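These notes open a run of structures that come right after.
One chain, chain A, appears in both complexes that follow, with chain B as partner in the first and chain C in the second.
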Partner chain A sequence: MATAAEPPARRTSRIRYDFLAGQLLALGGAFAFAAAIGSIIIIAYNENPLFVYATVLNYSTARVQDIAQVLEYATPLIFSGLAVAVAFKAGLFNIGVEGQYIVGLMTASAAALYLDFLPAFLLVPAVLIAAMAGAMVWASVPAVLKVRTGAHEVVTTIMMNGIAISLVAWAILNPLKSTGEQLVDLRTNLFPEEALMPSFAGTFGLESVIPISVHLTLLFPLALIACALVWFFLFRMRLGYEVRAVGSSSGSAEAGGISIGAAQVKVFLISGALAGLVGLNHLIGDKGYLGSNYETGLGFAGIAVAFLGRNHPGGIPLAAVLIGILLRGQDGIAISTELPTEILIILQGVLILSVVIAYELVQRVLRRRMQQEVAVTETTAPAEA
Partner chain B sequence: MAQPDSDGKPAQRAEAPLVAFEGVTKRFPGVVANDSVDLTLEAGEIHALIGENGAGKSTLMRVLYGLYPPDGGRILVRGEEVRITSPRIALSHGIGMVHQHFMLVDRFTVAENIILGAEGGTVIDVGRAGRSIGDLATTYGFSITPSKRVEDLSVGEQQRVEILKALYRGVDLLILDEPTAVLTPQEASDLFGNLRNLKADGKTIVFISHKLDEVLDIADRITVLRRGKVIGATRPAETTKSKLAEMMVGRPVLFQLDKPDTDSDLDSAGPLLEVENVSLAGRLEGVTLSVAGGEILGIAGVEGNGQLELAEVLIGLRTPDSGTVRIEGTDVTGRSVAGVRKQGVGYVPEDRHNRGLVLDMTLWENSCLGRQSGKDYSSRWGVLSIRKIKALAARMIKQFDVRTRTSNVTAATLSGGNQQKLILARELEGEPRLLIAAQPTRGLDVGAIEFVWKQILDHKAAGRAVVLISAELDEIYELSDRIVTIYEGRLTGEYPPDAPAEELGLGMTGRSDRSAKAV
Partner chain C sequence: MPLVDLGAAIALGLRYFTIIYLTGLGGLFSERSGIVNIGLEGIMIVGTIMGAWGTVEYGPVPGLLIGAGAGLLFSLVHAIATVTFRVDHIVSGVVLNLVAIGLARFLSQLFFGQATQSDPGIPDLGTISIPGLDLLPLGLGTAFEGMSPIVPVAFLLTIPAIYVLNRTRFGLRLRSVGENPEAAQTLGVRVAPLRYAGVAISGALGGFAGAFLAIEINGLFREGQTQGLGFIALAALILGNWSPIRLLIGSLLFGIAQAVPLRLSDAPVISLLPEEFIRMIPYVVTIIAIAGFVGRVQPPAAAGRAYEGAAT
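Let's look at the complex of A and B:
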């Protein structure tokens, strides 16, 4: 194969470049389409679409603190997008990221409150681990039910979401209830200082440009590291390989000797662990206590992020940042225009739909081209060897 | 073979051919699938179109059926130039096509499937449609029940439904793309009977195939394509199987492979595989067989008589309800696939898309499927050794002549023959003591079949055992040292490799009086 090594390399890289170019083209087309649809709605409100889009961009990128704000919004979405994507690679729909991170909030709070004797460099990791462990336990139930009884994970995870909400409500009312008497809110005590995630600005000396009102913490770089780890897991590790094989052809994977059930349970637990980190930026990066008004909906948002990011650990942070921009843009729209802020939710929906369709189209073209590449080889390659 | 005087003056030809291709070219970027093809199809003939996979036979017919627009040349139907841009237009010219993969709605009845898309009106008169389908079936000697659901039909019956679907739309020209690839010998001969009836009624049939015996049997004229070009046209009386094969492949092809004799000391080692009284609810009943090293056991049977289940029990995909499977004396009954494979078993599955390859994954990723836990391919920490896996893939691609420039493309991009070579390469890697090969050459062309057969024979010659499950009697005869027949999940007889086909046929239909005890 040494003699034949040169042309293959060139051929492959061409396919790769075509692939990348195709993806970018699809993305550009989808953006343009979504913007056009958005414009129609904006014009119907008698506003100038260009001004609206400029406002969104301005509010999300003009100053360092705006960018930091966008990244803060993106942080939990990266984790939830990864959690959804990792399960999806095995052909599983983890609709339960929502419930899993809510349980993670509870176990993380318990760790923060009961392990308060630990120094910060131990307590913060302990809180992270507690969050992941709690969410993992929550994810294990649907995973085992799926493999043992065939109960569909979409149904069971949705049920588990409901139970999670009640469980956390119980915890806030009972074991984790605040000891302060004058408090009207239902919530836990304030966590010790040592349990809080260090801020990004504080760690990197950016206090002058990022005000403390922006809660960008070290969880953001951690989220990027998680993306890299998930990539490594999926494309470089045996279990990730097995997971992808199970996800794209369970029959062939099974005949090859891969245990489908084992791979699915393991990947669901990994998905759950990632889900555990979703709520932490709000919990230990912002509030410092668990209240009954904790942030919800981040798990469902993860489905959109995973979709937009093509279930790829490289695409997910970009998708999360994009949604972060739209979220930040809502502030701008509320201040500078007469538009309802829901316009950006509509825009987000249109964008997701058009991105999915555009990718599908590009995929088809590329698949055909790849087939032709191979067809050329089949008809021209000499029959030596 | 093209009419020499195509200057348009109808002096010479009393009647224009039903269809004439004139210089039809179809290009895909980088490939000329059809290179200036001239071909005429006369009314009332069975015209075989043969060639290896990728020779352009299906492409040419898809152009005619309106699935691909041609890049050059013209098509004349009954002497008039036509532009066929969709199957609907093809049908309006009386041209119908039955694809290799059936397009039927499983839950619908035969009649519902046939009228689908040609219902004619808002309210469907099911009774009338059923009657006219029944009439149609009787006219051409098709045995079919219009009220049966398609999911309850055998593959051969489903094919009849597809053909009736085209006839119901009043076609004069019927294109059949590899119609016998999915059929048993009996079903194939039934089909040929039907085709002869159609011909007698004046219908024209284009028969795409690469099975030369059939083509010689059924065709009136044969056109050979190679790499998109017409290599020649002939008639069955004027040619032979080996001449046709040479035209197709471009070099002489051996049909008789040397069956290597088994070394006698290998026999004495005792059976390598022993299956005792294996039953699986409703699928297998008291199956007992054994295979020794250096032996190929052929399991012949009409499809759907438990072969698939037997293969899946042997590899560990299914656990039998009772009975034992032993490999070299070790009881492997109920072990996982990985556990059975560890005993040295390779498996070439019947369904290479859903059991053999992960089509979305690259060739190198497929090359180590089932072997990913081996210490050569992943570390103790579970990290894949990609360099080693790619080297493995490169070796397989070279040794088994898988036609691809790189192992970085997905398995979906390979042709069927090359996919099968890749599976065979993977399953024979590591020299398993037992190879279970189910329908190993289904849908492959002559060159690839020869290759696969040779690999199986080499495997046996090295003293290892093979269980060959096939619906192709040719294949069973060509390779087996012993033959057993299977019918409704029971083994119905054991035969020497030179037993006449009629005897095997009796076993395959359960009418054998031979006892299977000695197997």
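Let's look at the complex of A and C:
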């Protein structure tokens, strides 16, 4: 219990320590709860939970190439997690990352195919920019509608997702359709070599430990750089400050002279730009063409990553790696056990929900304790004076 | 343009209407109690898988009820998170939708031996025709022939829904905690149980609508078969200003908008568009409707706000 004699500085640092301890406690509790639920399901299947969890860990961390595989899975999730988190800081839910990156796939492919005269050091950036620009255009519609008409971004972004799927299906069949003879596989022409993202192993001389079947590319370090940039933006830049002010209390932000609408549109565009990069590891790090069976669901997975990572640019890569481990673990479960691999998807959901609830609980306890302390100091302070 | 096509489009539109309206009506009870529920899509998904399983095991009527029951149980996760733990309503709803996809795959693997669909051709309730209306000339009568009995049930459900909301103690209290929980609490109304009830109704109706989709329309469970209809129900609810009659009209509009591209692709103007663009129509209609109407509607005052209780 705090006493009135305690100096304010020490009290602030103690509150911060409490806060950190609380977060860790919440995270640990949520993990334990999810593991317990998972164990119940696993036992119902007559398997040993410890063996299953060990298998998941073993498959994702035993060799360098397993770790590289996990990081490959994590790369798009870092971008989509960041995209969701940045908007969430302004109190906006970008459920449309899914549609935005799908449109980004289309514009990136167009750039890769039509700007093929550029040398590699220009073409790869051009593809990245095209992906971000396409996704930003897609994000701008719900952003402007939100600010102008008040249309809730959750509903409009979901509708934009539906439109994006049809638009890209049309593009693959029409302007971007491959010129070669193809009867079954609907897709674009192969991109020129110069449009492909250099592999991580090739760049850092790790070919001996990471086989070419693992598509870890320079997009992974780029994703980490994006985390640092988002951190700098949110906590060191004026617009980032405004965004956080709007998100935590729009009333006070407005009273403080911040234009809520402008901040929301800008942050939604930034979110869209990040969303544009989500699909690129599959597109220019792996396949080298856009097919109608492109990777889906990465945008929705980003929502999970953002919540797990507490919407913080430091937590998001960790959360993405965790989901990457669960994805890699599915291979292990499929090979070594009789369990359906979908169990890991359920576990992921249970984990997210318990993390959200656990943080809410911890925050409530901390808030109450802080209120009590303030009450104590207020009642005792006049007596001392 | 032959009117038979129009009749067929209306018939399909009425089926979509039923899904949208039932889910939206559930959402109405949840939101009128103060809990925003964007997990309706996930609740519907749980309804499709459990409804399909229930029908394969026990027949269509138990299947529909099992779908409703499963939706109700699943929605309680949302109630626990938002009412008891005061998690942000949107966050919890999004998680519900995420979990539902994984859960459906898991259960499908368990029930049907494959993650993404059941065997087609599960039994349904059979069909009815509306006497009189099915005799309409020029092929329009096809709209009211061979209809699932659930379609008229959905229409008729409007009457008890209005009665419960406006004339019963439960309905009035439910609305009071959605408008002003502090005042309701002061008058001795317990907020949390009413909000649990509101969410549970949305779960039961959303699960029922999902089961209806799987059993009566598609004849199987298939991953992704809800196609975002839960969100369209949410849009209809906003458009309908949280009132049952206007929700009914909005659901009819959205239902027809869903059906037009599929049944009227030969109609003038529409036939000029590529197929992919026709499929965008329902989504575009929803965006325009939401953007055009949202300023003129009035959500329940306390919807989306956590109620801290009398202690704080």
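Rule of thumb we're sticking to: the second predicted complex is superposed on the first by the 351 of 385 C-alpha atoms of A that agree within 3 Å, B and C clash if a C-alpha of one lies under 4 Å from a C-alpha of the other, contacts with A are read in each partner's own complex, and residues count from 1 in each chain.
Please note the rule applied: a contact is a pair of C-beta atoms (placed from the backbone, for glycine too) under 8 Å apart; a residue touches a chain by one contact, two chains touch by 3 or more.
Here the structure is a predicted model, which is why all the values come from computation and not from measurement.
Shared-chain residue A:A169: touches chain C; no touch with chain B.
Applying the stated contact rule after C-alpha superposition, one finds that A:V154 touches chain C and leaves chain B untouched.
In the superposition on chain A, contact of A:L239 is made with chain B only, not with chain C.
In the superposed pair of complexes, A:I345 makes contact with chain C only, with no contact to chain B. Once chain A of one complex is fitted onto chain A of the other, the partner contacts of A:P119 are absent, as it touches neither chain B nor chain C.
In the superposition on chain A, contact of A:G205 is made with neither chain B nor chain C. Residues 93, 95, 141, 145, 148-152, 154-156, 158-163, 166-167, 169-170, 173-174, 300, 303-304, 307, 340, 342-343, 345-346, 348-350, 352-353, 356-357, 360-361, 364 of chain A are the ones that touch chain C when the two sit in their complex. Interface residues of chain C facing chain A in the complex, by the touch rule stated above, are 38, 77, 81, 85-87, 90-92, 94-95, 97-99, 101-103, 105-106, 109-110, 115, 227-228, 231, 234-235, 238, 274, 276-277, 279-280, 282-284, 286-287, 290-292, 294-295. Across the interface of their complex, chain B is touched by residues 1, 4, 7-9, 11-12, 15, 236-239, 241-242, 244-245, 248-249, 251-259, 367, 369-379, 381, 383, 385 of chain A.
Only residues 28-31, 54, 227-228, 315, 317, 336-338, 341, 347, 349, 351, 353-361, 365, 369-370, 372-373, 378, 382-384, 386, 394-395, 397-399, 401, 403-406, 408-410, 412-415, 418 of chain B touch chain A when the two sit together in their complex.
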